[in-house]
Amino acid sequence: MRERFISGFDYFVLPFMIGMIFVILWCIIGLIKIIVQLERADRIKLYKSLVNPVIIAKNFRDLFYDSLLHVKLWKRNKVLGYMHSSIAFGWFMLIVIGHIETFLYIPERGGLFYYPIFFRYFMAVESTTLKGSLLFFLMDFFLLVVLSGIILAIIKRFRSKLMGMRRTTKLTLLDRVGLYSLWAIFPLRLIAEGFTAGVGGGSFLTVPVNWLFASILSKPENFTIAWWAYSIALGTFMMVLPFTRYMHIPAEILLIPLKNAGLRVRRPRKGYALAELYTCPSCGVCLDACPMSVDKAGLKNTTVYYIRQLKRRNQPRALAIADKCLMCGKCSVLCPINISAIDLRLALRKQQPYNIKQDFSYLDKLPNGALTSAISVGGEKVLYYAGCMSSLTPTISQSVQKVLTNADIDFTLMDSQGTVCCGRPLLLSGRTEEAKKLIEKNTRIIKESGVPILLVSCAICYRIFKEDYNLEGVQVMHYTEYFEQLAAEGVIKLRKRELRYVYHDPCELGRGCGIYDAPRNALSRVAELVPATKERKESICCGGSLGSLTLTHEERGRITENSIRNLTANSPDRIVTACPLCMKTFSKQSDIKVVDFAQVIAESLIEEEE
Amino acid sequence: MIDFGYNLTPSSTLDIDDANMHLFDELCAMEPDALKCISCGSCAASCTAGVFTDVNLRKVLLSLQRGCEKDLLPQLKSCMLCGKCHIVCPRGINTRHLILSICKIYKI
Amino acid sequence: MKRNVLIIGGGPAGIEASRKIRDFGHTPILIEKESHLGGHLAKWHKLFPDGESTEELLNSLTSDMDGIKWFTDTDIVSINKLKHLYVAICSNGISIQADALLFTTGFSLFPAEKKEEYGYGIYNHVITNADLEDFFNTGEDPRIKDPKVIGFVHCVGSRDEKAGNRQCSKVCCATAIKQACEMKELYPDATVYCFYMDLRMFGRKYEDLYLNAQRKYGILFVRGRVSEVSENIEGRLVVKAEDTLIGKPIRVTMDLLVLMAGMSPNDENREIASMTGVHLGEDGFFMPRDMLFRTTESHSKGIFFAGAATGPKTIPETLNEARAAAMAIDHYFKQEV
């Protein structure tokens, strides 16, 4: 194998080179910007992570599995998984093998960006070796892989339903330019390499193309045009890349180490958040995931459009979307890069100048024991926090007390005379500092009671107690966990009934705290549990969420309707949920009876004979 | 008209003629729900903060409708945004956002 | 030529319409899903404004049923239209060919347990207006035990977006006051409160009823909607509301709480609408041709409405509308010829 040109250069590489240099400069500037914007503590965390062998290993693993192979996408949708990994991994391999070729045959050209890319143009085959054939075969093979991915991508663009996606994102103009140039790159490469295959060599794909051209074209040697077209497609793609969704390709390489270093979103557009914004591939998985998309108008409030508005610095629209969100977290869970959709919105809410200067000094005057009342039977001690909502759903607190009494558990009602809110609603409204006041007060009440177990029957409260309270020495338990434990230990005995239940995973409990099994195990003890169409981490928000600040009554109603439809697919006798707000929301619209978890357990108790 | 130098309106009367409704109009533009209240009192009766303080959303809103904003507005400072009033409101008013908007416009 | 009219719903509207249709010379066929005629009225004890006995009213309504075919315990399975005829298949196996249909399907009583915060079905001393009428009829209800303090909660499931019923049920204010007076007669020492949002005493003599309740019976009126109810250790009810006229939250301990469950659209309206193509309003009640002039006619030819099927109504309004519907049907037949 020898070089065809002494200069090792041709003008057609210029579009590619300009694009390549532009992208690299852009990414370097972006990287510096993000690192500068990080808070000091975060930056130190990042640097430390870069020398930590465990995190380094994890970074490489994630890069390989997520960026190249798209393992998460495979798990969810095989066709989409194949489409993405064929393009990403195939392209990556083409670049790698191109470099291997260059370094094997012309090591002195290794420093040139363009050389491995246009290797076939610059080379001429003199004799066939096994090594060369193998490399040529691999190049053609990966080109075929990428081309198959591109064909799937084209089908997906026009018939997204075939790929299991009901909706896809609306593309911006530049996204389209990027998309079409991406589609063009590999067919053009095939054509260009097909033209040169007679001189530069090829394998099972490019050689037949070469024969084809030779048979239909009079002057098949005139192939520079094809290489120009290939280079221009590459150049165009890279020139628009920073302004399109394809920015996710380089951005994800940065996001993975940032995420693995334990960084989180702090400000809506800066530092870690900026890395996330660029990593969003606009794939549109969040469109189908979002409960608000039951309304066509709700689609514009999904995460992909929120990110687009943030990037465009369209503050009013971004704010409107941030305020509308139910904060159910489903899009984050399904997102291929698990974007922090909730944190990104909370960050913007926190910046809101609401001018509300909350003053909770009245709580300081309140004695810590003023609201509690103890019911003593002698046994394990539990402090039961029913939460604000419980007075609107008396069944829950009554049922919890019935179960505790049956189990001979000593319990103290933490808020029988009035409730100090857990603080989660304030937190969800972006009022972090104010929420701290309530957290402090409740912490004092809990600590003063000296009770080792805090039992919570509200999923919303449970989440903040778990995440934002510092309750050392106190075990925080959701009643689903606690009752399941009591049943497993035989402290309470339950009878099974001929009923079919469906369990609704409250957002805050399931996706929020990862509790999926305890309620299901307990319910399986008392009835047959039938599945909902979407459940566990894919459960659909009831529509009542405190997360949304601006959804109207009517919009919420339609979300609720959809959520009920999802639950009742297997015609259960009852809908069981484990959050007072879900219960309240469902029961006003459901034809099927909605009951709370505690009520189900309380009704199934076998009373011990004295 | 001859000005006799004294005012027939006793000080305890709300003089609605002179009320400045500018801010309230602004509030209604942002929160059309502000006009939906039927003063049933559910919000005040169920209020979590109402156990500890005299916060009363119904009264605050009514006072804004009458253009006398100064007296009751500071009450809203004790609101914990727990959302109970949102759940009980028979008119489906989004009370939490209403409170935030009131604070935004009236700058309490 | 004699025409068949199928009347669906054997409450006061259905009975009265049947009689009048017969008087016009047509053949009424009356279908009632329950085992007796009279609908919700049959479960009531006395009626406002004068406390007239329900039994007497029903007796005079059903005294003259000659020439009316009526079936109880019968549901409609399907209704199909064949040219100018409607063919209805009933649950008892018979099929009826009718030249006109009249829906007198009335309302469903709002299920008070849906307002969980009021504790119906949870606490021992919370009952509904219907339960109280049953108590007046039978003298028995384990939940009523010589109450010292009694509360009436107006608008339970009425004027409540959260309960899915935006409309005012029209009759509950007067019913509550009537029942409050009756309770006061039974328990003269009891203190009786009415918790209302607006008192809608719109009819003739209703204001007298209100005046009597205040002056003669000493009923206490609190303007404020009950927000939540809890039970204390002695098993008494603690009721929370805001007294909106004083402007302060209040808390009252009670021995009996009566929930004035309102009128919801009949549960079966949706099914009927999909079978026959008649229009349903956003509120779930049937939609007549217009709300002023042709209130008994539907948008479909040969289908008519009377009574609470098109929205909450009082008894005299229902009876008048039943007669009006009979006239409209007769008029329809005459035009058809």
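Letters A, B and C mark the chains in the order given here, with residues in each chain numbered from 1 onward.
FYI, a contact is a pair of C-beta atoms (placed from the backbone, for glycine too) under 8 Å apart; a residue touches a chain by one contact, two chains touch by 3 or more.
Predicted model, so just to flag it, every value in this text is computed and none were measured.
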- Leaving out chain C while keeping all other chains fixed gives the grouping one piece
- By mean Cα position, the chain sitting nearest the middle: A
- Note on the structure: Busiest interface, judged by C-beta pairs in contact, is A-B
- Cα-centroid distance, chain B relative to chain C, in whole angstrom: 37
- Task: Please work out the Cα centroid separation of chain A and chain C, and write it as a whole number of Å.
- Result: 51
- Message: I'd like the Å distance between the centres of chain A and chain B, where a centre is the mean of that chain's Cα atoms.
- Response: 41
- Message: I need the residues of chain A touching at least two other chains; which ones are they?
- Response: 391-392, 553, 584
- Give me the residues of chain C that touch two or more other chains. 117, 161-163, 228
- Specify, in ascending order, the residues of chain B that touch 2 or more different other chains. 46, 87-88, 92
- Message: Considering only the defined contacts, which chain B positions touch chain C in the complex?
- Response: 38-47, 50, 54, 56, 58-59, 87-92
- Which of the residues in chain A come into contact with chain C in the complex? 391-395, 398, 553, 584, 587-589
- Contact residues on chain A for chain B in the complex? 323, 352-360, 362-363, 366, 388-389, 391-392, 417-421, 423, 425-426, 429, 431, 438, 544, 546, 549-553, 581, 584
- Spell out the residues on chain C that touch chain A in their complex, using ranges where they run on. 114, 116-117, 119, 122-123, 161-164, 228-231
- Touching chain A in the complex, chain B uses residues 46, 48, 51-53, 76-84, 87-88, 92, 94, 96-97, 99-100, 103-104, 106-108
